[in-house]
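In the two complexes that follow, chain A is the common piece, with chain B as its partner first and chain C second.
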Partner chain A sequence: MPAIRELLLEAFQPSLKDNEALVDAILGSSADLKKRKFALGGDTAVSGLLYYVAGLADSKVVELILRALVVQYRESHREKEGPETADDIVTGLLSNASAKSCSKAEEAITSVLTGDTLVMIEGVGEAIVVVSRGWEDRSIEEPVAENNVRGPRDGFTESIRTNTAHVRRRLRDPRLRFDEMVVGERSKTDVNIAYIEDLVKEGLVEEVKRRIGRIRIDAVLESSYIEELIEDEPLSPLNTVQNTERPDKVASALLEGRVAIFIDNTPSVLLVPTFFWQYIQASDDYYNHYWVGTFYRIVRYVALIISLVLPSIYVMLISFHHEMIPTSLALTIASGREVVPFPVLLEALLMELAFELMREAGIRMPKPIGQAVSIVGSLIIGQAAVQAGIVSPFMVIIVAITGISSFAIPSYSSSLAIRIIRFPLLIASGTLGLLGFATVFFALMLHALSIRSFGESYLAPASPFRARDQRDMVLRMPMWMLDGRPNFAQDEDRIGGRQRPKPPTPTEKG
Partner chain B sequence: MRNFALFIMLSLLAATTSSCMGLRQINELAIVSAVGLDVGEKPGSVKLSAQIMRPADVRGQTGAPSGGTGEPIYSVSAEGDSIFDAIRNLGRFTSRRVYWAHNFLIVMHENYARRGIGDMVDFFTRNRELRMNTWVAVTPDSPDELISTITGIEVVPGEAVDRLFRYNMVTGLAVGSNMMNLEEQFLSSSAQPVIAKLQLMPRGISNKKPEEHGSLKQVELTGAAAFREDRMVGWLSPEETRGLLFFVHDYLSGVEPVSCPNNGSMATLEFKQARLSVYPSVRDKEPEFRIRLSTEADIVENGCGISLAAYRRELEGELSDALRAKIVAVLKKAQKDYRTDILKLGDRLRNRYPIEWSRLRGRWTDAFSEAEMKVEVKTTIKSTALRTSRRDIH
Partner chain C sequence: MNRIRLSNGMFMAMIVNMIYAKAIGVTQGTISRLIGQDMWIATLLGTLQGLLIIYVLHWAMRRLPGRRITDLPSLGDALLGRWFGHLTALILVGFFLAGFGPIMITFVYHLKDYFLPEVPLAIFIVSGLAVGAIGCYYGLEVMGRLALLGILFIFLLNLLIVIGSIDEFDILNMLPVLEHGLPNALFASVHFDADWALAAMMAALVLPHAQDGLVRGGRFGAAGIAAGGVAIMIWSILEPAVLSAEVSSQYTVSCMKLARNAHVGTFLQRYEMIMIALYSVPVLFEIMFTLYAVSACSTRLFHLKSDKAAILPSAIALGAFGYWIVEDHFRAIRFLENIWPWIALPVAAGLPLLMLLLRLLLQKRTERAAPYPEEG
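Here is the complex of A and B:
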């Protein structure tokens, strides 16, 4: 038996029997693969064969095809003799929105497995592929990981077409492009690369296509597969590719001249290039008043710093630099630690571990049990452990504030990354004091400064410093001041000049 | 990848070879809040007493069960040939490492101060653990007793003295001497050290035996000790100390009772923004100083029973006299009795006439004690306040 690879390259023959044998050899017998015989125009002399995958193909569409081929053929082809070409059937007979002829087995098989219907007729040298995709889908829901109070609540789903439509609805720009690619030897996953032709950074689309085109993998089950295969810094704990479930975020990224990568079967869409500060920005910043947006953005920056360094600074002060604590605070801490049997580093690691355990246990539990986990956890960790004298009350406060701060970072993936980075920092501070803290912190800084995301510095616009882009980094300036795109975009002007609203000047008539 | 492995190995090596060097948990420290220095029994030796805070009792129950509910402080003393020796001897019976960085106060006995404070200034500025903002005081009482006396409203006595020093501006009767300005005066050739005086006085009233008034001793901050070079030469009374404060602080406010113009009762004036200007000059190679104090004042208490608005001039004169008397008193003490320039007048002369100073420098003690001083005081009563006389009540 010839290898399936060779079979796929074969072309269709006029003989239905040969074609049937070819398709059967490739697809074999599968429970969900349906094979339907029919007689063209009700004429038993000319038989046809129709393949589709149950569940993927819409049975209403299949019925429509059959009605056209069996019933309507007889009416329209009363006087003609014998079968014609596949193209004639497509143009003259089928009323489906999308149908085409195809001569190669590979194309036909992929289409069938995507949900299309393959039609083969005796005496016709080509097969016909009719698009009949229609399967059960999750309805559009609010993105779970990226909620907001004001602003659109629709999130992406698992269907790539629905997802691209979300973005198209927001940007009716003729220059918005979705370029198609297929990734995965076995999964044949659809990947769409979205960009706005006259805004996108020059060469970026080609670079994205080049990196995705290089991927050789059996299947792509989630966007992270692609993310890890196209990253700039595969060893870095920091994410250099942003992912989102929010169509409005994707639209705004496209308007900034970035590229979005849609992947079928996942609601996560990838955005490149990515900057570190984007993980601290939330869409609420733009949907609320700019004073509010700026304030909460600053709060989030504080949360970032706290979640990264607070336990380390506490451990460092308690074990090495007692003179840096104000006297009254030193006494309070010392009195809380009087009966604690562990060194503060171990105490911190224990508590962090307990916290991570609670979080991890809560995530995958069914909701009612998740609540039980958090109740038991907070009671034991917060109350009993302190009363038993295993941890000091101060450490509970530190771990709790750190935990809450890490939840305040809008991007889930980057909040996880910061959680992980915290541990080397903590251990260095606990063993070497300020020296260790400074060393690891600067190593991190240098690392973050050195990496790039699709050719752009990761810490831009802070480093390299771009004065123009500062308006939307730590601060969120009012809309009428945000008149520029990031400087890698082709067209940098975002809105016209002098957009600042003001009351009309009173005319003389009053 | 090799670099990464190397980096990991090096950091592991650094962490292990250091073996957490210098690591000390905060609850393994004996935090000293006050230290006393006295002459030891052996001649030339030092007796050092330390007030150590017991955190669990200072803070009481803070969630965790804490050890003991006894005294908030633990006071110990040890002797040694030098300060450091005495500190090392403390280690014989303190179960935790003695930690100095949170020390509030260094208090020396009069005898110790008269013997010379050179070793103390050196030790407490040389040690990296000690802070330069530690208060320094001299006491005529036993430093041991002073340090272990539970005082004031604060739980830790050292903290109580710390606050006494901080809010001493309200009474303005003692200098705020800390290690920083002590060292500065100690090293300067144109100024001499002056250190605050602490003493134990039976001021507290026992809650259990209120009839025995003043049965509890309290630490009182009042007056100052004058030094020449490194030795104490004598005390300054609170009145003289206020005169001194005009010289060593930029602005000063205080309260001064003066007698009424009409009868023998008293009115109280509060002077504010007192500013002392010193105009040094050199005549016939001898220094001269014109000292001019200008201040504003408010009437804060009128016991005279009449409206004082008309007597403004008289009251100003009385206040000026009272303030001049203080300045003259401290000048006399410094020049004639103790022969030491605690007023920093040498500084002023040096800044103004550096060449003359270099000539006078060698015999400054004599020159200072012979120098002519002219004291002028100018006061202005700004406000007689709303209430003018007692008749307004009716």
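Here is the complex of A and C:
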């Protein structure tokens, strides 16, 4: 028996029996694969066969197809003789929104497995594929990892078409394009590359397609599969591909000349190129007043610094450079550490690991129990550990502030990366003091300075410094000042500059 | 070939970083031992000499029709042939190898004497070179970006020292002016000249990679030297005015004494660690670039395909020399004050002047024999 790969390349024949044998050989018998025989126009001499996958195909659409082939065909073909071509049936009989003839088995089988219905008729040398996708979807919900107070609440779902529609609703620009690709030898996952034709960085779409086209993988079960196979720095702990569940973020990225990669079966959309500072920015920054947006953005930058270096600095000061701590503070810390039997580095590592343990347990457990674990872990165990003299109260405060700061970083994946980076920094500070801290910190800084995301420097616009882009980096300037796109966009000027509002002058009032 | 691109800002920032780390403390201590409170005058005179040499270097390296000039050794190639290019590269290897001594004195004595007296010396050398090797591996462009960041750090460091020292600023400590006379101040400026010498030779290797290096490199180089001079002069004014020249002259690293003395109110009595953290960028940049320079020139000397292959051997050579220098404080000071300026100045001033002279004499012949006449 020929291999399935060879069978897939075969063409359909006029003989229904041969075609049925071909499809059966490829798909085999499967509980969810449905095969329905029918007589074209009720004439038993011209039989037909219909394949669909239950659960993927909408049974109402399948019934409509059958009604057209059995009942309507008889009414519209009273005076005609014999079956026509597949194209005639598609154009003259089927009223479905999307249907097409298909000559190769591969295309037909892929369509059936995607939820379409395959129609084959005796004497017709081609098959017909009618779009009948209609599985149950998760309804649109608020993104779990990217909450906001003001602004749209809709998040992406697992359906690629729903997701692209979310963006199309926001950008009714005829130049918005979705290019289609399929990735995964077995999963045949739909991938759409979205961009605005006259804004996107020149050559970026081609580069994205080239990288995605290079992927050879069995299946794509989540966007991270693609992310790891297309990123610039595969060995780096830093994310050079941004992911989001928010349609407004994607729309905003497209307006900046970036590319969005939609992947079927996942609510995460990838954005490239990406810059480190974007992980500190939240949608709320733009939806609140710019003073508020700027203030909270600065708070998040402080949170970034705290979550990265606070435990390291504490350990470094206590272990090596206690003379740098103001005397009254040093005495307070010393009194708390008096009964602690561990060196401060070990104490910090234990506490950090305990914190990560509680975080992980809180995520993995069912929601109500997860909350209980967090409360028990943070309050009761923390308090008990201090009373037992295992850890100092100051260390509990340091670890708690560090943990809270890491949660203040809007991008969950980036906050995880920063948590991981914290450990080598902590160990270096605890073993070599200022020298260890400086060595690891500058090695990390050099690494961050060296990496790129789809040709763009990861730390831009800070390094290389771009004065114009500073309006939306640490500060969030007012909307009427945000009149420029990043310098890689084709059109760097946003529509509508110089719109600073002002009260009408007396003459304007009339 | 991938062309390295440094913006003009990066080029200027690299010059400032290359001068700053040693000049604010180690050099000021040496100068104060020679001319007391006139440290700032020696620094000013040194800066003016630096401006002159950077212009000479640019005149020597400016665009040569039909020739692809990538660094000073390649200019040597173009003027007198390959042997001269190799000789220039060899001189630069020796220059940066010797220059690594004072850089390590700066790096190690700041950290070891003031923060980590019990940590073995080798750890300092290995840590500094490890970061330097990473920077070298990533290349000139990343170093340029780090230098830009270094400018921000230098600005913050200067701001902190001014805030922490302004209360004790006493202008009377700076009087009388020119107590030892102008010739002595000029002679003392040789020690600051040795600092910009490193920056000038760095420019000799990177000038053509800067955006407008071959056309307006002199102007940007001079701006870098001037900016560095201003940033350093803040220290050369504060040290005699706050500590007094007498006290400054007692320390190898006089800037640390000033930093330790700085305080904000009564709560923040000591914050020199913050300052040293900010100071790390320029000093690590110096280590990084020295390693880059030695490996790049060695690549040319030994006909290696990539300068990455030369990083490890260069790091070992620099590490061994650096260790030998800083191991003994007396040896370190002797090298710093009596040997290094007399290596640095002849090379940093002599090489550009020689190249300029050769260029003026041989320009027409060089243009006639140009392999890329169309490139103009």
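Going forward, the second predicted complex is superposed on the first by the 503 of 510 C-alpha atoms of A that agree within 3 Å, B and C clash if a C-alpha of one lies under 4 Å from a C-alpha of the other, contacts with A are read in each partner's own complex, and residues count from 1 in each chain.
Basically, a residue touches a chain if its C-beta (ideal position, glycine included) is under 8 Å from a C-beta of that chain, and two chains touch if they have at least 3 such contacts.
Note that the coordinates shown come from a computational prediction; the quantities given were computed from them, not determined experimentally.
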For A:F320, decide between first (touching chain B), second (touching chain C), both and neither.
both
Now for A:R485: first (chain B), second (chain C), both, or neither, which partner does it touch?
neither
Quick one: classify A:R297 as touching chain B (first), chain C (second), both or neither.
neither
Is A:P393 touching anything from chain B or chain C once the two structures are fitted on A? First, second, both or neither.
first
Of chain B and chain C, which one touches more residues of chain A?
B
Is A:P464 touching the first partner chain B, the second partner chain C, both, or neither of them?
second
Kindly classify A:F442 by the partners it touches after superposition: chain B alone (first), chain C alone (second), both, or neither?
second
First, second, both or neither for A:R337, with chain B first and chain C second
first
Where does A:S450 make contact in the superposed view: on chain B (first), on chain C (second), on both, or on neither?
second
After superposition on the shared chain, which partner residues are touched by A:G433: those of chain B (first), chain C (second), both, or neither?
both
Return the residues of chain A at which the contacts from chain B and from chain C coincide.
320, 323, 327-328, 432-433, 436, 439, 443
Per the contact definition, I'd like the list of chain A residues that touch chain C in the complex.
317, 320-321, 323-324, 326-328, 432-439, 442-443, 445-447, 449-450, 457, 459, 463-465
State the interface residues of chain B toward chain A in the complex, per the touch definition above.
4, 7, 11, 14-15, 18, 20-27, 29, 31, 33, 53, 55-56, 58-60, 62-67, 99, 101-102, 104, 129, 131, 156, 159
Residues of chain A defined as touching chain B within the complex:
235, 318-320, 322-323, 325, 327-328, 330-340, 343-344, 386-387, 389, 392-393, 427-428, 430-433, 436, 439-440, 443
For chain C, which residues count as touching chain A in their complex?
7, 9-10, 111, 115-116, 119, 123-124, 127-128, 130-131, 134-135, 138-139, 142, 145-146, 148-149, 267-273, 276-277, 280-281, 284
